[in-house]
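Quick one: the structure is below, and I'll ask about it shortly.
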Amino acid sequence: MKTRSLFEITKLFPDAKVLHCPDPNLIHFTEVRPLSHTEGEFLAVLNSKAFVKEAKSSLAKVIVTTEELAALLTEARVCLIVKNAELALIEILNYVHPPAVPNGKISPHAIIAPSAKIGSGTQIGHFVTIGENAVIGNNCIIADGVKIENDVSIGDEARIGMNCVFYHGTRIGNRFTVFGNTSIGGDGFGFTFANGKHNKIPQVGKVVIGDDVEVGSNCTIDRGALTDTIIGNGCKFDNMVHIAHNCKIGNHVIIAGQSGLAGSVTLGNHVIIGGACAISDHLTLVDGTIIAGGSSLRTSPKTKDVYIGWDLGLTYPEFQKYRVNVKNIVHLNKWIKRIKDLESKLGIQVEDPKD
Amino acid sequence: MKTRSLFEITKLFPDAKVLHCPDPNLIHFTEVRPLSHTEGEFLAVLNSKAFVKEAKSSLAKVIVTTEELAALLTEARVCLIVKNAELALIEILNYVHPPAVPNGKISPHAIIAPSAKIGSGTQIGHFVTIGENAVIGNNCIIADGVKIENDVSIGDEARIGMNCVFYHGTRIGNRFTVFGNTSIGGDGFGFTFANGKHNKIPQVGKVVIGDDVEVGSNCTIDRGALTDTIIGNGCKFDNMVHIAHNCKIGNHVIIAGQSGLAGSVTLGNHVIIGGACAISDHLTLVDGTIIAGGSSLRTSPKTKDVYIGWDLGLTYPEFQKYRVNVKNIVHLNKWIKRIKDLESKLGIQVEDPKD
Amino acid sequence: MKTRSLFEITKLFPDAKVLHCPDPNLIHFTEVRPLSHTEGEFLAVLNSKAFVKEAKSSLAKVIVTTEELAALLTEARVCLIVKNAELALIEILNYVHPPAVPNGKISPHAIIAPSAKIGSGTQIGHFVTIGENAVIGNNCIIADGVKIENDVSIGDEARIGMNCVFYHGTRIGNRFTVFGNTSIGGDGFGFTFANGKHNKIPQVGKVVIGDDVEVGSNCTIDRGALTDTIIGNGCKFDNMVHIAHNCKIGNHVIIAGQSGLAGSVTLGNHVIIGGACAISDHLTLVDGTIIAGGSSLRTSPKTKDVYIGWDLGLTYPEFQKYRVNVKNIVHLNKWIKRIKDLESKLGIQVEDPKD
């Protein structure tokens, strides 16, 4: 851990100003940590009113924050005032922990088909295989153990995680990042039952992925059946996300961990799907729809609300009312008894519903 | 994309007839696509009344369909009339996109134990390892990066996806297909708590898989504890399916993506489990049971109905009634208030349910 | 399958005694199987009153059990009486199926960075890569295809499954076991939306795992954002478990298959999470909390009860009442009709709840 001065950091932000600090050369830190961290000399970021209390008692040597939030710190603390604290955090982290850059070496233990094209500056790890007519862009890192079949194309500046596999014909844009053990382009799940067995429908579509997409570890993205599975630009998927065949996903879509789309789902731009969600086949979510984590969706919501809840198509405000009533459901039989007692008192006879 | 004539296709179906087409040699297409496709020259399949409207406006050069469905197309369209449109689609796709066949080459970069037996015609990829006494059948494709431990046996015509792993003693029948990064034969999850810690119960059963089974990408099938985990013939599993130790799965079972069976689950023949389902340990599903996607099952249904719903053991018709009532649950507190108002009006005093 | 005598087994348990058997040298078995097994000569274990009936009709040659349970077997059966039948089972299984021990060989087809340190007795498989400054302990087995980045440390006696991947800086204690295709140390899922896109927040924390941890196949454990993801001693995770960034997990925690923790979840010691559970971000479960399989948790339970149910925060007794009332929910509209009929009878007019 290298010691750095606040002065170094100010150079990253020409428009930033320093508060309560006569000489930024004399303020030092070794790490970037959360406000609540308790050890070492660290810089921290205050990016929300929710954390002002934490900031006040923070042991941080420097707090990076906005003018507005700094004004809420009653004590005189060393602050670096920036326009957007989250973006500043990213810049500082990239300075303190510079991301790996491709070393341009192709492992002698990689097996690359003669017809494959590898861009300049690209690093290919050990025990990688790259098939015929595959095209890998410039300045990529293809980590150890990656397997790439024939006719795959991957754009520039890709970061392909260890032991990922890419089936034939997969086409991926620039600045693609994926973590370990993800499988892209395996067959979609399509069978037709006849003659006493499930007969496989050949899956002849491809996977087509745009620019600036990030995919986590151990994800699966299936090739299309008769058309392609399509993922737009700027999408970000967490670990163990499953995208079935023929899905069409717009731009800047977020899907959190362990969520899955069944076949032929269409997602508009800027859709956000929380973790552990299941989206049924052929549903459509319009631009900007948000599905809360842990939800199952069985019908297409009509609007771009926040949806939540098991299979119930509830919006978030409805769900909050639903949740209040769970304690009533637990006693529903007692309330039904009271309805029947009332009827009995009034001499009304009604037949009870039968299953 | 090669141009093909309808005449070529008719040769695949000696009993088929062509409608509205004087010369099938003059009808050409390059791809097989859905009816709704909008680009290029393509053949499409009409396999259900639900798509007749789409077929009417389809840009397909040829529509493959049945006599019954063709009769619903009011316009004179070029049709190939077959007995079963879905099976015809499969045949046409296999003709237009012939599946990969093993090249019979064993990579010099594979490491195969001296006692392992490799069948004739089998292709072994780069960076594969195959352990002692393993037996691989004829005409298999073992893709790059696959790892096979000692005493594994795999039948003829297998298609083993990149980077899959097989633990010792796993036994698999003929025509097995599996996609990338799947793990078969890892230990079941068995511990007993004693002396302040979870003590591992050695898992000494095997995984035994029948013929004609297909498994998706990134699945896990665990070895049995004291007996074997058994999967019958003709089963098809989608991506990220998890089969725990000691499960006994019948023939022709379908399990869709991200569903899991806990330990010692028994599935009869022709069971269908939708995506994102969780089946609790030791449950039994009788032949033909269907579990709708997104369901959790905590008790064994007695009959072969369609079951759905979180943990509620609802059949599909019951679930439909349940769903209608969700909007009532949201207001249940108001209905309860009205019961109490009625009681008050009648001078009845009842104590409310507690906790 | 080697034939073994009961006499051999008695030597493992100096304090054990044999019932109904004049000469343990004359009692033989070849396998350890469940009581209900129907083939071959086998030893079985009776570890609970629930299985006494099965034990009575068991075809086992020997039953290993406790004094208390043996007393419930009315017939004179050959028994080995031990203090703890489950722990005895473990000992017998380890005797009959001795676990693999490292052969101390380093494959010439592994690529190990010059600065990496490999402990004595450790076995390194084929096509393994180990990065700069990595440290692997003594007597480990690193299976074929494992990829270990720079600065990873793994303690003694590890069992690392085929094709697992470890990202840079991951730190793991002694006696770590993991099965195939698991990914440890990939980036956490952290973005901030600005300038029309999701901007990646560099993930600069590590994964830190204690001693005696076991992780299943195809799991993912993400590195922390600004702090570490921490897993205590003695934790056991099943297949496809997902641990997001910044989680802090205590000691001896159990997480069953396909369950996931979102970011910054804190689990106390001895927490048990069933299969297919989703725990929302930033929740805390106190020591000893149990979450039943198939549950989603959206708020932190205050106590160490058993919790269950979709998102409802129900304890197990509440859930049982809830479940009874599901049949009432299905008819809730009819009960509401009856409330309204009562009101009408009494001349009461109430406006119905809207939306």
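In order of appearance the chains are A, B and C, and numbering begins at 1 in each one.
We adopt the following convention: a contact is a pair of C-beta atoms (placed from the backbone, for glycine too) under 8 Å apart; a residue touches a chain by one contact, two chains touch by 3 or more.
None of these values were measured; they are calculated from a predicted model.
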| If chain A and chain C share one sequence, what is the angle of the rotation that overlays their CA atoms, in steps of 5 degrees? | 120
| said: Regarding the chain A and chain B pair, does the interface count as same (over half of residue numbers shared) or different (under half shared)? | reply: different
| Rounded Å distance between chain A and chain B, as computed from the means of their C-alpha atoms | 26
| field | Sites on chain B at which at least two other chains make contact | value | 127, 145, 163, 181, 218, 240, 258, 310, 318, 329-332, 335, 339, 342, 346
| chain B touches which residues of chain C in the complex? | 32-34, 37, 84, 86-87, 89-90, 93-94, 96-97, 99, 109, 125-127, 143-145, 161-163, 179-181, 212, 214, 216-218, 234, 236, 238-240, 252, 254, 256-258, 275-276, 293-294, 309-310, 318, 323, 326, 329-333, 335-336, 339, 342-343, 346, 348, 350, 353
| said: Under the stated contact criterion, what part of chain B meets chain C in this complex? | reply: 111, 127, 129, 145, 147, 149, 163, 165, 167, 181-183, 186-187, 189, 191-192, 194, 196-202, 204, 218-220, 222, 226-227, 240, 242, 244, 258, 260, 262, 278, 280, 296, 298, 310-314, 318, 321-322, 324-325, 328-332, 334-335, 338-339, 341-342, 345-346, 355
